[in-house]
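Note that subunit A is present in both complexes that follow, paired respectively with subunit B and with subunit C.
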Partner chain A sequence: MLDKKLKWIFNTFSGSVFNTVISTFCIVLLFFVINNLLGFISNSEWAVVTENRRLLLIGRMPQEEEWRAWSILWISSFLIFSSLKSFISPSKKELTFIFLIVMILCLIFTTESSIFKVIITLMISSFSYLLTKYISDTPIIHKFNKFLIFLWIFLVPLVFCLLLIADGPKPTLWGGFLLNIILASVAIGIGFPLGLLFALGRASSLPAIKIVCTVYIETIRGAPLVAWLLLAWFVLPKFLPEFWGLNDISVVVRAMIILSAFTSAYTAEVIRGGLQSIPKGQIEAADSLNLNVFTKTSIIILPQAIRVVIPALISTFIGVFKDTSLVFILALTDLLQVGRIIPEQDPEFFGKALEALSVVAFMFWIVSIALSNLSSRVEKSMGIGTR
Partner chain B sequence: MRKSKLFLLFLSVMSLTLILACSSETEVKEVVKEVEVMIERPSTLKTVQDRGTLKCGVNDNLTGFGVLTSSGAFEGFDIDYCKAVAAAIFGDASKVEYVPLTASARFEALGSGEIDLLIRNTTWTASRDRDLANDFTATTFYDGQGMMVYADSGYQTIEDMEGATVCVLQGTTTELNLDDRFMSAGLKYTPLTFETNDPLQAAFEEKRCDGWTTDKSGLASKRAEFPASAGGPDSLVVLAETLSKEPLGPLTRDNDSKFYDVVQWVVFGLIQAEESGITSSNVAAMAASPKDPGMARLLGVPYSGGEVSDFQFGVDPTFIQHAIKAVGNYGEIYEKHLTPLGLTRAGSLNALWTDGGLVYAPPFR
Partner chain C sequence: MKNKSKKQIGNEIISTDNITKSFGKFQALKGITSKIYEQEVVVVFGPSGSGKSTYIRTLNRLEPHDSGKIIVDGVEITDDVKNLQHVRSNVGMVFQQFNLFPHLSVLRNITLAPQKVKGLKRSDADEVAMNLLKRVGIPEQASKFPSQLSGGQQQRLAIARALAMQPKIMLFDEPTSALDPEMIKEVLEVMTELAESGMTMICVTHEMGFAREVADRFLFFDEGLIVEEGTPDHFFNNPQEDRTKLFLSQIL
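Presenting the complex of A and B:
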């Protein structure tokens, strides 16, 4: 083992002149980057971030409504960490990585007043991980897994309940990281099934359905998201009927509608790519078994089509998540907008944009990296690229 | 077969011509309809009263005028005017829904009815007053565009700045004024534009630009807090010249006089309050025993057993009293938000007219 490592080091540094030059150059570069990064972290004044922790996480939600955010955090940390063990079972390396990220998050966002609640969160996380590990060999695990999947499906409605029950704050007050997560979840949760339907519709042989789906997809994809968002803000209310106060719906709902429509158009095209990759023989075989259209689509075509496009789908979802930061145009205070405005809060924060924005970037990075890791996991378990 | 197709084509061409011919008439009808809608549209004052909250379009990243504080509340000079109007209408300054707007979306938001009132450091200009669907009420702050340079650059006036690079915010009147000034002086310059202030400051600190132009109020606060690592406040000078007039104030929608009047007279009321020496702390005492009939009219209380003079603004006659209680008089608002930024009031355009400034209220009578 040690011998192998020594050999590797020897090879990288003195295998050939070219290797030596490249390796030395990279190490010097790495040294400077890390040195400057550490210098930036230690020399900067992080007050601009630490003073605004709440704004970054939940935006303009009033302090007395904080419990809603905490309960959402607790439920999701239970879900995330039990699913982590149950469905992903990470290696030691990955666990260390997750631990590191959680620690950095705690370091950034713990305040004196919230330390107790942060400890509860950490306890819930580790407890749910250990519990799942403990029962993973018992027969209960199957029921538990079903329960987890059920909870995942109903997580978004549950979050809405928690935000709205008992006279919750107006949706326009939702903000920060919470808003990005909510918008992205809704956009993906509604956009993906819709996109599936549109993809099937566009591949359909019925001209009416085909034309409607094609027009929808091309219209939505034909204009930038910013334009759609502005349209939703200023024009959509004029098209909606007045009953039930539909023409006065919250901008958050309007943003959700537009983001879902946008996601559905993009996923539809991705899935259509998958549909086209299915060999004709598969469909003919299904036909020869006399399967009806519904069964043929749901058990022969879609499972194969989606399997192929998982990398592209996940990258669309990551894109959607990052696109949610555009809602600042609709007067919503999302994570990126908070990062942009907090340096102007007080003269003592002037010129501290880099500190604020690097924390924002880190938050976006965590979600994106988690999603892409999830996608590579799913790919591996489905044997994509090997089969 | 062929003939019938030709006939169809003929028919469609005819109908198209007819439609085109009629369109001018329909246009007239549409205009008439629009005017009718305009007449029928209920006053924003009534909409606001029915809704129970005032939707106020504000800035969330201009220090002193409007920022989002760490507790999630809005704070600043402009924000206090939102509070004052809400207090005047409802007697409660907390009944405001703040809508943070970008510079480019603000007029659309007002025009489309997403907000009732726009108080977002908006400069009153002729084209904005004419083109956009809004009316400017009284000015709350007289600003002017200035130019800040490094003291060691040797620039004394704009004329010295031949070939200079100037940092400026995108899409603002500031950018246009800058161009006007340099063009008329026949000077070459390179504008370096930014969306927000912070990257602009970073560029200025790295000396990527020689000058930084924005409203003088902004320059004063940026200079006062200029980091010592980049030279500190003393390394900078704001040139004496004012490039343009920038009167800032609240905006309402066009043809909305009832609401417009309320907003305008709240602004005037707070100015008159300062002139009469009424503050947030003594307003209750003054209302109980007004010093003179003018003060009684301002506060909506009877003077020595006389009648209450109600100006029929559609709000409570004591509306100015509520506004003063909520945010204080003009001087108090200024002291609270702008003095800490290093914006001295004495001797500036924003001093009371009795002190040589431009801040003046028409009589309450």
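Presenting the complex of A and C:
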């Protein structure tokens, strides 16, 4: 072990002179960055974050509705941590990393009033992880995994139920990080299957379907998301029929519609790239075996096409997740908007923009890094049968 | 050789009447009229670009023909989906590039079509597949993926996959051309066994040793036409056409 480390150090600094110079330079740079970062963290006043914890996480949702957010958090942490072992099986290094991040989050967001609930969250998380670790060798695990997949599929509807049942707060009061997560999940959950259909439609041999799909994709991709959101703000209600009060739908739903449409167009193009990478022989083989169109598409073509484009797909999803912060255009207060507004409008925290925004950036970073790790995992696990 | 004299040639199962096919300006088939009989093994050969691959690919409509008439197992091949399904479920095909499904296991490559097309239960399909894998000599590879097999094993798997649909006719489109020399033999052995079992086969191949031993009839293609046809003896001892003589002298 020690040998290895010594060798690493030796390899870093030996070799050509150029190599040594570059390595030394990088280490000095790294030292300064870390030094400044630690200085910033210890010298700043984090009250702007800790005092506004609720705003950052759930926006302007009233205090008596907070239980909804907590139950969502508990369900998700149960899901995430019980899926870890079965679907990701993280190494020790990764576990340490996850532990560190959770601890940092707790440090940032725990206050005296919520410490009890935070402890419950931590207990649920560790309990779910240990439970799956304990039963991972028993036959129950298969049933449990099926249950998990089922829960994952119905997570978004479940979250909606939790937010809406028993006379929940108006959707316009949803905000903060919760809003980003909800919008991104809906956009991906609806946009991905739609995108799949549009990609197949664009590759279709039927001219009518092909034209409709192509026009849709190119129109949506042709204008910036901001423009579409503004359109949703001003114009969308006029396009919707009057019955059921459809023309008066909440801005949150409008944001969901636009984000889903946007995601579907981008996803469609990514998947189309994958479809084109399928060798003609695969389709000929499927035809010669007399497979029908549905089997041919769902079992032969799509699994291979999607596998090729997983990195591009996940990076589209990460983009969508970050784009959800643009809903401030619809006067919604998402995480970024909260982080921007507090230091501007609350006299107590004037000029604390750097602290607030760095926490906002950190939150976005966590989700993005988790998604990109997930992507490399999925790639590896799907790589078994590569040619 | 020994079985050939005993072999009964049955009724007509494929007939093509003056079929043509063009790719843009290039006319690949210029009017092919042929008849194939049940249990017959027909070897199709000829120079590259002569239309031999196109010919056998029109027989299950991987290439739609432009004009003429193709009747397979009593059904004419047209755009009609029902007819096409009947034909395709009775015609198996083996490709030069194997065209196995790389993301499915060896077993699943075979069981997919019987399960999805014929509605076989999983356990029954698995049994059929294992028997076929034994027949082509790779039962121990069942749980691997195609990329983990050698070229010869992959092509044998492709033959097993086609056989799983219990076709009446097997088409082979240059099945050994993409293989390393030492793997050709194992594939030809499987094909020989298949021929001896009485399968109707049309093979595009330049393996003349195999062709001479197994084939009942040769079709020599050149420039989109059948230039000469006859028994292997006829071709090896007494070819009539100059083009046939020239081509044979080049490949033998």
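Heads up, the rule we're going with is that the second predicted complex is superposed on the first by the 379 of 387 C-alpha atoms of A that agree within 3 Å, B and C clash if a C-alpha of one lies under 4 Å from a C-alpha of the other, contacts with A are read in each partner's own complex, and residues count from 1 in each chain.
One rule holds for everything that comes next: a contact is a pair of C-beta atoms (placed from the backbone, for glycine too) under 8 Å apart; a residue touches a chain by one contact, two chains touch by 3 or more.
Owing to the predicted nature of the structure, the values given are computational and were not obtained by experimental measurement.
A.B. asks: Just to be sure I read the superposition right, which of the two partners does A:60 touch: subunit B = first, subunit C = second, or both, or neither?
C.D. replies: first
A.B. asks: Could you say whether A:295 touches subunit B, subunit C, both of them, or neither, answering first, second, both or neither?
C.D. replies: Second partner only.
A.B. asks: Using the touch criterion from the header, give the chain among subunit B and subunit C with more contacted residues in subunit A.
C.D. replies: Higher number of touched subunit A residues: B.
A.B. asks: Is A:106 touching the first partner subunit B, the second partner subunit C, both, or neither of them?
C.D. replies: In the superposition, A:106 touches no partner, neither subunit B nor subunit C.
A.B. asks: Once chain A of both complexes is superposed, is A:341 in touch with subunit B (first), subunit C (second), both, or neither?
C.D. replies: Touch partner of A:341: subunit B, not subunit C.
A.B. asks: In the overlaid three-chain picture, which partner chain does A:370 touch, first (subunit B) or second (subunit C), both, or neither?
C.D. replies: In the superposition, A:370 touches no partner, neither subunit B nor subunit C.
A.B. asks: Where does A:284 make contact in the superposed view: on subunit B (first), on subunit C (second), on both, or on neither?
C.D. replies: second
A.B. asks: Could you please specify the touching residues of subunit C with respect to subunit A in the complex?
C.D. replies: Going through subunit C, the ones touching subunit A are 60, 62, 85, 88-89, 91-93, 95, 97, 99-105, 112-113, 116-117, 145-147, 161-162, 165.
A.B. asks: Could you pull out which subunit B residues touch subunit A in their complex?
C.D. replies: Subunit B reaches subunit A through residues 57, 60-63, 67-72, 97, 99-102, 105, 108-109, 112, 114, 196-199, 201-202, 205, 221-222, 224-227, 340-341.
A.B. asks: How about subunit A: which of its residues touch subunit C in the complex?
C.D. replies: 279, 281-282, 284-285, 287-292, 295, 299-300, 303-304, 307, 382, 384-387
A.B. asks: For subunit A, which residues count as touching subunit B in their complex?
C.D. replies: 51-52, 54-55, 59-63, 170, 172-173, 175, 230, 233-234, 237, 251, 328-329, 331, 333, 337-338, 340-348, 350-354
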